[in-house]
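Here you go, one structure.
Chain nomenclature is as follows: A, B, C, D and E, assigned in order of appearance, with residue numbering initiated at 1 for each chain independently.
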């Protein structure tokens, strides 16, 4: 059920590949490489999904061939819990988390009892808590990893109130709280970037957004072609042109 | 405006997706929700075909479906969805959980409409020796028809709202489009445009439904 | 033939009908009279088991109604026409469609139904209202639709709960004539609950009198026949008129 | 006093009431008779503007009803009791609460209301049903509740659309006696649509006859008074009884 | 089981949040949705206080609220929410959009229930010289009461389902708990447990509502 090439340029059948993704800029990058894949003989379909679990579930169930929306630690969590064998094929870009505030210009200024909004999904909760730990705002239990929760906070000297809200709402709650941890995808439209505006520097990121596939298809020609294009010069150019201060290639 | 022109094809596609999702849900509501609601009504204590067990089973089923967080219902139904449409993603797959919720939802509205049919009508039916089917189709539905139509209208509008969430399994649709392009990309114009489209769609459905319901109501 | 054997009925403590027995012969026109709340409607509704007696048995045409299973009971009821005290028309069906109802239920072909509907509406003088909805009718017109509906499938037994209460004397006369005719032509058994002595006198062969849930008396009378003179009752008034304005 | 000045009313093409004028005096008991569908209900419903005439004007107690604004019309209607042909009781209110309704609307204190409700239910012989719901009543009992409700606030004008159609002769006599009493004691003006000649003969001072939407005749009569002998009508039957079973 | 014990305090908190969100929505539905639905009914063509314009405005308002994708409604209402409760996130903030949708939703069910009240009852009211308020409270509501209660029950169940989505503004609640801990953290047991809690809650609400509605129905 694959399409014939446009303009009848080729009669040979194209191979289908399905990639699940979520929001820009991931979806934009996929759109960008779609014509490149086309040239290589692949008919790539982007499945837009508005959920953070379904893309992995779909990949595991072989409904899609790859997904592109997460960082490796998040994938690990899924693998562990669902007995899945998803694998990282290609790191694509880094999206550093930042702590942003309308009223305060440094971590020290944040007063006692302040409210901090953080994303409400597992890995981003942990990541946000870690970021706050880095900034000296809180202290976490020794050795907690990517599934840390508020329960793991052992010291909270400023008695901060930490409020978990949906990723999509973070940017909107920016004015309602004392500070927000946000990913660039959400901070950028507010004119904020991690390099200039974040109160805490995340440092070396363990969280590159990556192309993920399964153990059984990671070496297939199609996945490899996609990996190649997602780490190609077009992507570098795209990131530099559109997000000079926020996103950095991770390859 | 430029943006709107640029995205015109995508908008049309998502309108199509909404129509598929809502259309199939409405069909499911009528084909399965209507009989389900009818049996809820009939099997109730003190009613025509009183049946404690049947009522308890149907009532609980409807409650379970309706109490599941919708997102989790979608997830929970994935194996079933795959069984029915062969895949768990895309517009067709989205219609399965949407239809299940539509069925449960419309069943309640049907139950309510039937509860408002005067008992004397059923008595007249019984005195004429009408069969179960005849009582249902020729008396109950006839007398409740405007309520049934009005309820279906209310339900359809809810289905449209529910269909928005089906973006999570790649269902698409106007609502999802509005969220993806308008909200996440901060294209406020695009978002406003699609929302206006939805309002017009809903308004058209409601006005038509209300009008038909009124026209069919000859009770006074 | 309708036979009630020590039937009784209570509504949450209230004894609407005390144990009573009554035998109505085939082809008889039987009147039931009694004060308001005496249990007349309850009694007549027990004859087709719309109200199931708490005790006792009901026979209609040799069949023990109280022993029938649902489907058989359904069949039996198709042979018992009923005119309700409150009409109980289907409001979302036109007059014609209401009268058609009993015929539709027993799956008479459309054309035949149509003919019969026209005939019955003609009996009750409502041919011109065939496409009206019940909500557009006067009280007496609704009652006549209910009568036409009960007659539609020519039932051998006809139960009438105050069938002419909303009708003027001349229309009543016409309706009584119709009942008399189907009684004479088809030998239909007819039970009539009524408050009007003229109805009883005109067509009943026997009368039962109820009082506080009990059958106090049953006796035969010689019906004097139906008086169809339209202006008869106005004449009567004119006789006693003092002045004509 | 009720005055209709060339009122007329059509329902989608059907002329239910052709232009007619009628004057009913204060303290009069006025009967309206006529064949089914003649327009009697439409006429009486125009008197309190439940049906607004297409043309013409209506005066009740010197007030031009057709010229009133909503709030004034409301006040005027509180002084016009109405008994509907189909009773129109509030099904989710008990008998007592239904009768209480008109008193509640004009904010009579609770204790006083209670007393009056009992009184009115007593008039119609339904004291024991005060806590029953209408669905638990017989046809005649419902009608009597409707009558009690209309009497509750002692309205100077009472419109009755076939108020005794569901009642047996002896209960009818009682009700007529009640109407006669309030007419004599309070000088209430009463309009009664009826099909029963006995009702007209018993209490009406004047009668109007309607036919096909037209008032064909109005004349005065001398009411012969209400006959309260309970068993009178059964005696009548017994006289003509052939055999007693 | 261990997990369930461990998270007991959080579960209790989220049950509390659900009660707050749903409770306030139900209140809003009754206090504002009921009159709104009543006016929709009254101002309709051919009805007691026919008013083309009022009807068009109310009807369109309800349609707009109901046709907005819920997520976008939440976003759209942020300034309003801030005005009312001072913040746009948290449980109290979640009650604002939830209440708005509840109002629109219950209004439709009220409209439908009132449409099933026989016109003859209103006629009786008019003949007694009842005022607007009296007609509404003493006649319409009285006669429609079982339908109004049944409709509120149906609506409440829907509100619980909607409240699930309010996790996005930090509203919390049982449904959100099920999604966050059960679904996103893959604690299937915890998810099942919370869903069972929700089913029990909904079942209790439905059974109670149905029972009250039945008890209040004296029409036959």
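One rule holds in what follows: a residue touches a chain if its C-beta (ideal position, glycine included) is under 8 Å from a C-beta of that chain, and two chains touch if they have at least 3 such contacts.
This is a predicted model, so every value here is computed, not measured.
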- prompt: Hey, what chains does chain A share as contacts with chain D?
  reply: E
Statement: Min route length, chain touch network, chain B to chain D, equals 2
Message: Suppose each chain is reduced to the average of its Cα coordinates; what separation in Å results between chain C and chain D?
response: 26
Distance between the centres, which are taken as Cα means, of chain C and chain A, whole angstrom: 80
Statement: Cα centroid separation, chain A vs chain E, in Å, comes to 36
Message: As a quick test, compute the distance in whole Å between the mean CA positions of chain C and chain E.
response: 48
Message: By the touch rule stated above, which residues of chain B touch at least two different other chains?
response: 71, 75, 120, 146, 165, 176, 179, 183, 217, 219-220
- prompt: At which residue positions does chain D touch at least two other chains?
  reply: 86
Junction residues of chain A, two or more chains touched: 53, 168
Message: How do the chains pair up in terms of touching? List each pair.
response: A-B, A-E, B-C, B-E, C-D, D-E
Field: Residues on chain D engaged by chain E in the complex (per definition of touch)
entry: 48, 50, 71, 73-80, 82, 84, 86, 88-93, 101-102, 104-105, 133-135
- request: State the interface residues of chain E toward chain D in the complex, per the touch definition above.
  value: 120-121, 123-124, 126-131, 134, 138-139, 142-143, 145-146, 216-220
Message: Looking at the complex, which residues from chain C come into contact with chain D?
response: 11, 33-37, 40-41, 85-86, 136-141, 143-144, 161-162, 165-172, 195-197, 200-201, 206-207, 209, 217-222, 224, 233-234, 236-238, 240-245
Query: What does chain A use to touch chain B in their complex?
result: 20, 23-24, 47-51, 53-54, 57-58, 61, 63-64, 168, 189
Footprint of chain B on chain E - complex, ascending: 45-46, 59-60, 63-64, 66-72, 75, 105, 108-109, 112-113, 115-116, 118-120, 146-147, 150-151, 154, 157-158, 160-161, 164-165, 175-176, 178-179, 182-183, 191, 195, 198-199, 201-203, 206-207, 210, 213-214, 217, 219-220
